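One chain, chain A, appears in both complexes that follow, with chain B as partner in the first and chain C in the second.
Presenting the complex of A and B:
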């Protein structure tokens, strides 16, 4: 798929998650994101970090709910349900972001940025690549320290994890910056090597994403019931068309699975 | 011949209080030369290379005076990016220098920055893929490649930029002997046929001396000199095994290549005799057995049905890049689960426990070093296994770091840092110690120290397994050699049997003696007594 099509997919999935707290939309959305990750992931640090983002999502859901459940000001069952619905939304956002990380290469997106925006786009691409790289480094250091009997996940041995991860991270960042400069980055006008082409699959996936977001936006504008979980808590109604829109976001997974 | 690079009165220190790495260095490198930069670790070879495209001082800061002119442009007036069309630079650490993910995109990156027209880019990418035998890897992610493949990709992505001056910092450190030879020969062809200027820093001189036209010596206290290779190596001491042999036997001129040494050996000895010096090798009892072990990454089978017993001695794993050496070590260390087969300790029959039965030393010392001092680093390991700190001195002494116990690991030379990391892992006192390419970036002195340490440990009953491309190291210290190819054990036995007949893996001493000698000591004894 074209890298921009992935960006559209992520914005659409994330955007829909922002518009609703209805679990009947959010849960299919999360499943579709997980499916897309499974089908289209590019082996590498990005794909490995998906699991971490998913765990963070579950963690967010639990803490968000638990915090409201134990607070002394709780207004009972309803507010716990509301908190859980919002927690679920947060979890879905994290899963979508994790999927985006695992299927797309931020540096390919960078190539698409107009020349004038190259510098800021580069900053964004580097920032996007930090999370997966750090997760990778943590795994590596953990394995290495385990060799000498240091279990880094214990509080006391935190420096054994933090110092190598941060210092090599810092060194690597400097090496990368030097390497980019030495290879002429920012020296003037650029050309593009074999630009990505918009094939039919990418166009189809993008159109579906746009339609899905449009349906949700229209529902919001109409003030359709069931987008948000309301009080008193009860199972929210489901609009089959919107449900279909969520499911349709699985399309990239069906159209262009990673060749193995 | 015009000069490609001119250093005029260059002095540089990383800070106002730091020692000068270059001191009033004036030298010029002619166009169309293959130049070797050599000297001990920490003598400033990398700094020297980074001066050539302006990374020093633009990216390092520090105190600078003097001027470097590259193809007529001053590195002070032009930032590295402004010189990218003239100078291509390959850093010591290819992994951290990759910008893009796909091999082909990485190769094109510099050309995109330099606005090379698309059709020219495509052609140059294809040519470079062929030149460095990377075509089958073009669609792969650089992060999925083996160490040697990554190194070739890093070199290729420097070549595509079209610069006629190539600066490479230890470009063959992770390549097998044949791979290194191919890369250096490709560079030599660029020099001979197209008048490129190639500047290479390298520790394993035995690989480069045959290719180099000139050498820059990094002497201590910031002195750099250019001259013919023989002269510089003679002044610096050390050198490849043939040169050291010549020095021991008082030959003049000193031989630099196997060819020169062969001629000399023939003259000394008439026809090389059948004099064979067997060195005493020790053999211990079995420690761990691998039975029918296969391993895969994703869907690729990397190890196939490996059956191997590892004894109390130094076992060397050799084989070309991607043969499965690292995977074998990772399986042994419990870092990678074999797809089938079993690995069992001879004593208990159970699989080796990570950190107690087996310890694996990482390639990059940065993965484990975290303490404030050298001593604290080793003490952390002893502490974790509940050993008394009395052992501390023993380990520091073994690594030759006794005198540096209170300094910060960051302030050690690269060679010393590697030794410290190895000792910090060895201090687990695990029965099996696995090392992956431990001599990467080690100068000869640190290398000797490492050999001693491993030899002592083997005599104390440890099983040492070393995966390496450094055949000279294997010849010096291995008791047993296992050769892997495409994930299978193709040969194993004593070093003489495995190494001396091999066209690729034989050490220099075997080459000059038709396989009669392996080590410098053997050759010295044999030649000295005639």
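Presenting the complex of A and C:
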């Protein structure tokens, strides 16, 4: 799929997650993201970072709930439920972001940015790719340590791991900057080798994403009950159309021939 | 997004405009009921109202005003509208709510089970949402340790076992209710006639209209000058264990299986299983490819 179509997908899934705290929309969204990750991921550090993001999501959910549940004030069951729903929303956002990282290369997006916005886009691309790059660096350092017979422990070796990882990141950045300078980056028109094309899949996926977001926005404007978990807590109603919109975002996963 | 909506709703509430119908509906997305218990102290018995609120959060003053709209509760606010001077004819008529000092209206918050705590904030700033219990008691004493508490009432005592935020269906609220007659202390007084089409009447009341025992708590005495029509709810000694009728109008709770949530969980499970299957296939394929090299 076209990188821009992936961007639309990520913005749509994340945007929908921002609009709702209803677990009956959030859980399908999370599952949908996992499905898309499974079907469309590009092998590499980006794909491996998905698990880290999923773990972070679970961590966020637990923390968000615990922070409310263990406060010394008399807080009812409802507040805990509300906090858990918001934590779930955060977890879904992280999972969607992890999926986006695993299916598309941020630097491909960078190429799509107009030249005028090249530098902001570069910053965004670097920020987006920080997790995959760090995971890559960690794996390299671990491998090197193993080869040198250094015992890799979980927590004790953390400083021994962190220093080379950070210095690797620094070196990479400096190398990148130097190579960009040396090639006269940003000074003339860029050429593209094998440009990405908007194929039918990309167009279909983009349309589905736009429709899904429109449905949720319309529900919000209408003030439809069930988008947000209400107080007192009870199971919120589910609109079949909105549920379908959440599930339909799995379309890229269904369309893609599973790559290995 | 929610903050934006809250701001819009607040602006609507401030301007009091009702012409923006869709937005108004958006603000009324979480309606429900608040139990209001008013203890007239030495001046009479106690009044109980199940006040319907149409917003997620209202103030204690709002609840009083809504009770005035819905049940004709007589009230007068003072100190610039942030305090309650008179309720149901009891209390000073002017703007000085301490005119009858040491007696004044004490503001209590219920825990929904019958216990009361002295409110730490004024009724103009308190946050009341559906399912809360609000109490007012007339008497002396400057704080919760000396002021008389309202009678012990749970939310269910006042509102019946209806859902705490069940939206009213039209036919229920349009139904003229025969209830109220048996416990009317003075049937000849037209002012005491039960209001027709009370917005909070539920199927629960309708079904129990015949079986209800006359309440022991029916206003022990009439407050002087009180002409507001009011409803005295059945005492807690009457059985309240008839939830089946109360849940009518909420198809997704007990009687029919909740289709939406089941579909949502089904979709989650299906996509999750799909993800696992694809992952496994890809891993097996990768292992084969490596083995073949």
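Everything that follows uses one rule, which is that the second predicted complex is superposed on the first by the 238 of 260 C-alpha atoms of A that agree within 3 Å, B and C clash if a C-alpha of one lies under 4 Å from a C-alpha of the other, contacts with A are read in each partner's own complex, and residues count from 1 in each chain.
The definition used in the following text is that a contact is a pair of C-beta atoms (placed from the backbone, for glycine too) under 8 Å apart; a residue touches a chain by one contact, two chains touch by 3 or more.
Just so we're clear, the structure is a prediction, and the values are computed from it rather than from any experiment.
Of the two partner chains, chain C is the only one that A:238 touches; chain B does not reach it.
If you count the residues of chain A touched by chain B and by chain C, you find the higher number for B. Shared-chain residue A:31: touches chain C; no touch with chain B.
Of the two partner chains placed by superposition, only chain C is touched by A:230; chain B is not.
Of the two partner chains placed by superposition, only chain B is touched by A:178; chain C is not. Taken together, the two complexes place residues 260 of chain A in contact with chain B and also with chain C.
Within the complex formed with chain C, the chain A residues making contact are 18-19, 24-25, 27-28, 30-32, 34-35, 37-39, 220-225, 228, 230-232, 234-235, 237-240, 243, 246-247, 250, 253, 258, 260.
Listed in rising order, the residues of chain B touching chain A in the complex are 53, 55, 58-59, 79-82, 84-85, 87-89, 91, 93, 95-102, 104-105, 108-118, 121-122, 125, 141, 143-144, 157-158, 161, 298-299, 333, 335, 354-356, 359-362, 364, 366-370, 380-381, 384-385, 424-425, 427-428. Considering their complex, residues 1-2, 5, 22-23, 25-30, 32, 56, 129-131, 163-165, 252, 258-261, 263-265, 267-272, 274-276, 278-279, 281-282, 285-286, 289 of chain C touch chain A. Remark: chain A residues 42-45, 105, 107-108, 111, 140-141, 143-150, 159-160, 162-164, 167-168, 171-172, 174-194, 260 touch chain B in the complex.
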